[in-house]
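Look at the two complexes coming up: subunit A is in both, with subunit B in one and subunit C in the other.
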Partner chain A sequence: MIDSVEWRPDRAAEIIAGHAGTEGAALPILHDLQAEFGHVPAEAVPLLAEALNLSRADIHGVVSFYHDFRDHPPGRHLLHLCRAEACQSVGGDALAEHARARLGAGWGQTSTDGALTLEPIFCLGLCACAPAAMLDGQVIGRLDQARLDAIIDEARAR
Partner chain B sequence: MTVARFYVPADAGALAVGADAVAGALAAAASARGVAIELVRTGSRGLYWLEPMVELATPAGRVAFGPVTAADAASVLDAALGQPGASPLFLGATEAIAYLARQTRLTFARCGIVDPLSLEQYRAAGGYRGLERALTLGPAATVEEVVASGLRGRGGAGFPTGIKWRTVAAAPGDRKYIVCNADEGDSGTFADRMLMEGDPFVLIEGMTIAAFAVGATKGYIYTRSEYPHAIATMRRAITIARAACCLGPDALGAGRGFELEVRVGAGAYVCGEETAMLESIEGKRGIVRAKPPLPAHKGLFGQPTVINNLVSLASVPIILADGATQYRDLGMGRSRGTMPIQLAGNLRYPGLFEAAFGLTLGDLVEDIGGGTRSGRKLRAVQVGGPLGAYFPPALFDTPFDYEAFTAADGLIGHGGVVGFDDSVDMARQARFAMEFCAIESCGKCTPCRIGSTRGAEVIDRIIAGRNVAANIALVEDLCATMKFGSLCALGGFTPYPVLSAIRHFPEDFTRMSEAAAAE
Partner chain C sequence: MGLIKEIDFGTPASTATTLVELTIDGFAVQVPEGTSVMHAAMDAGISVPKLCATDTLDAFGSCRLCLVEIDGRAGTPASCTTPVTAGMVVHTQTQRLAQLRRGVMELYISDHPLDCLTCSANGDCELQDMAGAVGLREVRYGYEGENHLAATKDESNPYFTFDPAKCIVCSRCVRACAEVQGTFALTIEGRGFESKVSAGGVDFLGSECVSCGACVQACPTATLMEKSVIAAGQPEHSVVTTCAYCGVGCSFKAEMRGQELVRMVPWKDGQANHGHSCVKGRFAWGYATHRERILNPMIRASIDDPWREVSWDEAISHTASEFRRIQASFGRNAVGAITSSRCTNEETYLVQKLVRAGFGNNNVDTCARVCHSPTGYGLKTTFGTSAGTQDFDSVDHSDVILVIGANPTDAHPVFASRMKRRLRGGAKLIVVDPRRIDLVRSAHIEANCHLPILPGTNVALLSGLAHVIVTEGLVNEAFVRERCDLAEFTAWAAFAAQPRNSPEQVGLICGVSPELIRQAARLYATGGNAAIYYGLGVTEHSQGSTAVIAIANLAMATGNIGRPGVGVNPLRGQNNVQGSCDMGSFPHEFSGYRHVSDTATRESFAALWGVALDDEPGLRIPNMFDEALAGGFKALYVQGEDIVQSDPDTHHVTAGLAAMECVVVQDLFLNETANYAHVFLPGSTFLEKDGTFTNAERRINRVRRVMVSRSGMADWEITIALARALGCEMNYANPGEVMDEIARMTPTFAGVSYEKLDRLGSVQWPCNEAAPQGTPVMHIDGFSRGAGRFVITDYVPTDERTGPRFPLLLTTGRILSQYNVGAQTRRTDNVVWHEEDVLEIHPHDAEQRGVRDGDLVRLASRAGETSLHARITERVAPGVVYTTFHHPQTQANVITTDFSDWATNCPEYKVTAVQVSPSNGPSAWQQSYEAHAAVSKRIADPAEAAE
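Take a look at the complex of A and B:
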């Protein structure tokens, strides 16, 4: 389960203030905001711009550059499937195809029931236990279709 | 009194195949039998096809069982308490397993053996001998020791580490930095991850030696958000080292401080490029900087900066501890010392294999790697990540050496070796290389940004069998433009996988057009 809360400007301000004195604090702050709210809400951009003494355009540029940062909340669960070569060599593409068909969701999309967001990831460093995935931060190796189905079923039930 | 001590890895690769459940089941089985066991969580030995691999301490050394599932735990415990050899999962003395016995573990000497967060065990297993020797040698002689070892960058470019340090040591600056490149974005690689999870103090020691050698006061370890376990272990290790004064205001002797911080990337492959990484640490978009100035002169926040791969830095303690000569005496040609090679993908025995340079690619994938996991014919091997070339069996005699791989139009990169069986479609692999470049391009150069998108489209046409010969020529042209018109190796080296696929596996590019002609 993705553990996140509703947007609260005071909480965001607290998070930002927690990084006062950090050199080049943008990424650490953005990670913390996303951990708290499940995404980086647009409302956070002006707060960050002010704290870091940068323009809103600068902050927006940073947020949009990095694949990790989402501008809207994910589904109840987040499944990262590895799309990189070592996983391809043991059937990763077919698994991805299967996941997309079963969820009716493409990369970066959420199944219509809101259960699961499917994200591509390029290598989890689990290439010796490929194909690999990560479900809500839990690593999964030697993934096969049966296991993938079980993950999807469980995510829908919870 | 505990009757047995078990070691169960907490490495992410082991966790991904159930190591926590195995540890839990062992503990439960022990309490059900009313016996007290000690469970030590370690890094991984790197024999991933045997993970979760459980080890047992015996008077004659450790013995191993694997791969163990939670359902096997009770029977493994019973065997351990009686006759370990009676278990069908018994592998014998760990160090005698051929895969390990054949290695030369220097950088990975402690990985999978010690409790990663025990500074006491780190010291008992030889840790901090390197820093001690550096402190007696002095900064300049420490740099020269690294030069003499012949150590070259393990992140890809293979630049001599000591020479880089010499430049930074000589550069004037109010503040100098050590940046550890632990971004490890290459598919097929996991050496950095294993060390952060299995022996984090070796990196802390290596960075401390670097700081002492060049006069730096602050270090950053930049790693990936894809590595949550490594991040957690590394941060805890830094806290422990600081509490023990191995980091902090007196880390390099009275009044000479060194501070260390972990920074986490955000899913951008290009941030593994050193100047994009500096931008990212500064809180900006990860756009590659033009060189000069070199990071050694003007790096992080404009200050002289050593930026090295994690394995480069983690190899320094053993070099200092045992002397440059011992390290330099290993290897071949201008590739000195050992390389932690990572065998991955469709191989029967995937894992970490640290060895002196010079083994052939065939030794690595057929003999050590055991051929494919699928049991089919091994058809292609990609070496060096997404920017590395695909090798056919005809080139398996290429020795693992920087120059030999360059001569074969490839690169060793960070040492990732990924096997593919004969179900692979090399045109699709070439297309993926272009697509990956398009997804990850920082956008600064047109050939990289636009050329890769165009490249993927053209390969789609080849796959569909349209104007194949002309389109192959077009891809080759695009590759030439990317190679010569790109600022960094993302655009510049994407042609390696693409062109090697076309050159060595031409049949995969013409299949559709022949099928069409036959109709």
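Take a look at the complex of A and C:
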């Protein structure tokens, strides 16, 4: 379960202030914001720019560079499917197709019931147990269609 | 005449003095240490293919086109990021390199539209040139793969478009915005194939972009392109000229198609701007062909009559007969003239000659009266020369920069970019300003201390700084002993040390903490090379001259004079403020700041002009209005100024003008002053005439005509015609001959000629036998007056005080997109950034008055009242409000008073006690003024007029 609260500028300001004076604070702040709110909304950009004395474009460049930073809240759960070569060689592509069809959601999208957001990821370091995935931060190896369906069903139920 | 193309060396020049020798393609090349291989090759005339490199930006090494082979080194390093080493043997063209480059180019072109024939950059596209240079003949990848060709154009900026479909993501625009302009409004969004240039995820107009044009200039393709080029096509010839906006004096290439101006491009060899520009000079030139330009002379008997268009002959002879009639009835001194800081040196010189030799009096003044006259007075008193001490390049050598009463990012943007670059390079910054201007804190720069003093307390603050320097032993005694008058210094030091000047005492007056004052003083005195930059926030006060003197005192006391990186730098408002002062357009001075009572100077002019000259100073601008109201001043010739809008206390100005019998306005448009005029002489824009402007660093720059005068007469020709009609002979075939006379008659200009300006690009006066190439930094071996002179600067509060009726202090200023009275910029697309003057007010003051953001408010002072919209902001301190004076609908100067500098009468624009209250409509003045303006601006139908 993604444990996040609704966007609140005053809370964001608190998080940012917590990093005052630290060098290279942009990424730690962005991580903390995403941990708190589940995403980094566009409204956060001017706050960061002001606090770090950078331009809004500077911050936008950083946020958009990292795929992990979302600009929309995710579903209740977050499923990362590995798209790297080792997983592809043992059926990762088909599994990915299956997941997309099953959820009715493309990469970076959330199933219409709001249960799951599907994200691609490039190598979880689990090549020996490919195909691999990660659900809400828990890695899962030796995935097949049945296990994937079970994971999805369970996630939907929670 | 062709298109001027500057050589692009690819990377900036190295400033090292040690030379390194290497071989490039078999040629021996000697370059300074630290030069890139690419730059060294170009020095030898060898052009290495490149896309992401350009010599205004640091090397980046991303495009992979400039690869070279170097003997003894593995691989193919990028020539832009590889510095030269002694004995290096470089090959820029080999079979291997050709294949690599062609392969790289194939990748670029596989994701680029193939619409070269209909592309706006056709004829000026580096991508196309490089495709040719590498011999691209096919793209093996095809064009069907994933691409960006369907990306949508961003046309939100009024002056240029951003077409991401044509972008090769070389980052030149992003780097130009950061390195050159210092705004950081652009970034690369995303990564990998998804990388694209972005104005921060929003459109350009909604972004932090200030529309300086640096990105457009840096773009090697049609991705960022001037809309004027898209509309017209590529220019065919260019003429180098000087911008007619602020006192930075940027050099531009006017790129033309016949008589049509296609675009203004900052000239890389321009010694003031080094190839950079701002939104005004770069883009806001459309006023030259605006439909409201008046192109025919006009006259009328009364200011309530409609204008009647007449021939030049009739207009000139009518004016001359009116001036003679008035002088016959009311005396020789009943007429005068005002010169303009927007006109050329030559034009200004001719107007003062017309007054002195033709009118037979000294009633000539210039708009510098209302901006930098205290600079002339203060710096002449202390140093001996009425001008700033440095060139702009000097800032590169500063360790500490003190900005007081100036807002460079709005008013002198190109210099501000330079200053910000130095700040990012490590210089420390002190800002003294009632407002939190952008320099106090904006992306990548932050002032080490900001002293938000109350308006009107500069002198007290400067005394506080002096106190710390004197009492904490921070005086540079060796400098003072060697360069300055010791007795005067001793008296000054004793004054500065008095307890009433301590930070604890002056802090109470200025409203800032004593500790902040001490910190600023210590930083200025001990931080290395310290330079002071100041603007109208220093001069436009009842103690403007005192503040300039106090600044000079600080610089002398700390030895910060006479070398690069230091000095006292007035940031001049208009393009030719320095020049109009130099040219003798003050009522008490001939050219070169020589008093009219100086017999030798006066007699030399009398001999040259063949007339006797008055040895008594004439009327200053404010005195002209006073005299007019007293009945003794009846006719005024105003060249290129809009005194109704720009001068303080509008009621007084308009009453004075209305009391005159012949007001002659020479301008591009029916400005506000023309509402009180009897003769209108249509002037010419800077694009339509030859001449020179002198910028804030004393640099004399050439203005070159790029199109014929639309009204038929350049301004200098109009003055000559008027002089001749008055029987004052002026024989000049061209402005160059006027400059020859100026040089002959003015010691500091003795070495100036158009031939020299053409040869050297520009020169900074003094330019004479002692300094034939001009003088970038002054007072190097001693002050021009001999010993530097310390003057005691007692703080005397202004008589303009807040009280129960007027509890707030109004201070006025400028904004980036508009210029002065706005006559030019309001007639361009710059209005998208600033369509009206607004009143900045602190949330606390707004709440007390029930004012919400965007509300219409009444702004009232003892002098008058107006209505405008409020903007609630913490940029201003509680108790202070701020507005601009760019729009005649607001007329901020209805509010300002007739208080002025004790020495020079420079008006106290920066301090007016006001009250702000909610309003539901324009003030009575606005209504009556608008009604009069509507009547007065009418032009009679020619058919009707003939009846």
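The rule is simple: the second predicted complex is superposed on the first by the 158 of 158 C-alpha atoms of A that agree within 3 Å, B and C clash if a C-alpha of one lies under 4 Å from a C-alpha of the other, contacts with A are read in each partner's own complex, and residues count from 1 in each chain.
To be clear about the criterion, contacts are C-beta pairs under 8 Å (C-beta built on N, C-alpha and C of every residue); 3 or more make two chains touch, one makes a residue touch a chain.
The model shown is predicted, which means the values in this text are computed figures rather than measured ones.
K.L.:
Answer with first, second, both or neither: which of subunit B and subunit C does A:D113 touch in the superposed model?
P.N.:
After superposing on A, A:D113 lies clear of both subunit B and subunit C.
K.L.:
Quick check for you: in the superposed arrangement, does A:A42 touch first (subunit B), second (subunit C), both or neither?
P.N.:
Second partner only.
K.L.:
Could you say whether A:F65 touches subunit B, subunit C, both of them, or neither, answering first, second, both or neither?
P.N.:
A:F65 sits against subunit B and subunit C alike.
K.L.:
A:E154 in the overlay: touching subunit B, subunit C, both, or neither? Say first, second, both or neither.
P.N.:
Neither partner.
K.L.:
Name the contact category of A:A57: first (subunit B only), second (subunit C only), both, or neither.
P.N.:
second
K.L.:
Quick check on the superposed pair: does A:D144 touch subunit B, subunit C, both, or neither? Answer first, second, both or neither.
P.N.:
neither
K.L.:
Between subunit B and subunit C, pick out the one touching the greater number of residues of subunit A.
P.N.:
Touching more residues of subunit A than the other partner does is B.
K.L.:
Kindly classify A:A130 by the partners it touches after superposition: subunit B alone (first), subunit C alone (second), both, or neither?
P.N.:
It touches subunit B, and subunit C stays clear.
K.L.:
So in the superposed three-chain picture, is A:G24 touching just subunit B, just subunit C, both, or none of them (first/second/both/neither)?
P.N.:
The first partner, subunit B, only.
K.L.:
Going by the contact definition given at the top, which residues of subunit A touch subunit B in one complex and subunit C in the other?
P.N.:
In subunit A, positions 61, 65, 67 sit in both the subunit B and subunit C interfaces.
K.L.:
Looking at the complex, which residues from subunit B come into contact with subunit A?
P.N.:
12-13, 15-17, 46, 48-49, 51, 184-190, 192-193, 225-230, 263-269, 280-286, 301, 342-346, 350-352, 373-374, 382, 386, 416, 418-421, 424, 429, 432, 436, 439-440
K.L.:
In their complex, what parts of subunit A are in touch with subunit C?
P.N.:
Within the complex, subunit A touches subunit C at residues 42, 45, 49, 53-61, 64-65, 67.
K.L.:
Going by the contact rule set out above, which residues of subunit C touch subunit A in the complex?
P.N.:
Result: residues 183-191, 198-201, 207-208, 441-446 of subunit C touch subunit A.
K.L.:
Using the touch definition from the top, list the residues of subunit A that touch subunit B in their complex.
P.N.:
Residues of subunit A touching subunit B: 23-28, 30-31, 52, 61-62, 65-69, 80, 84-90, 121-130, 132, 134, 137, 139-142.
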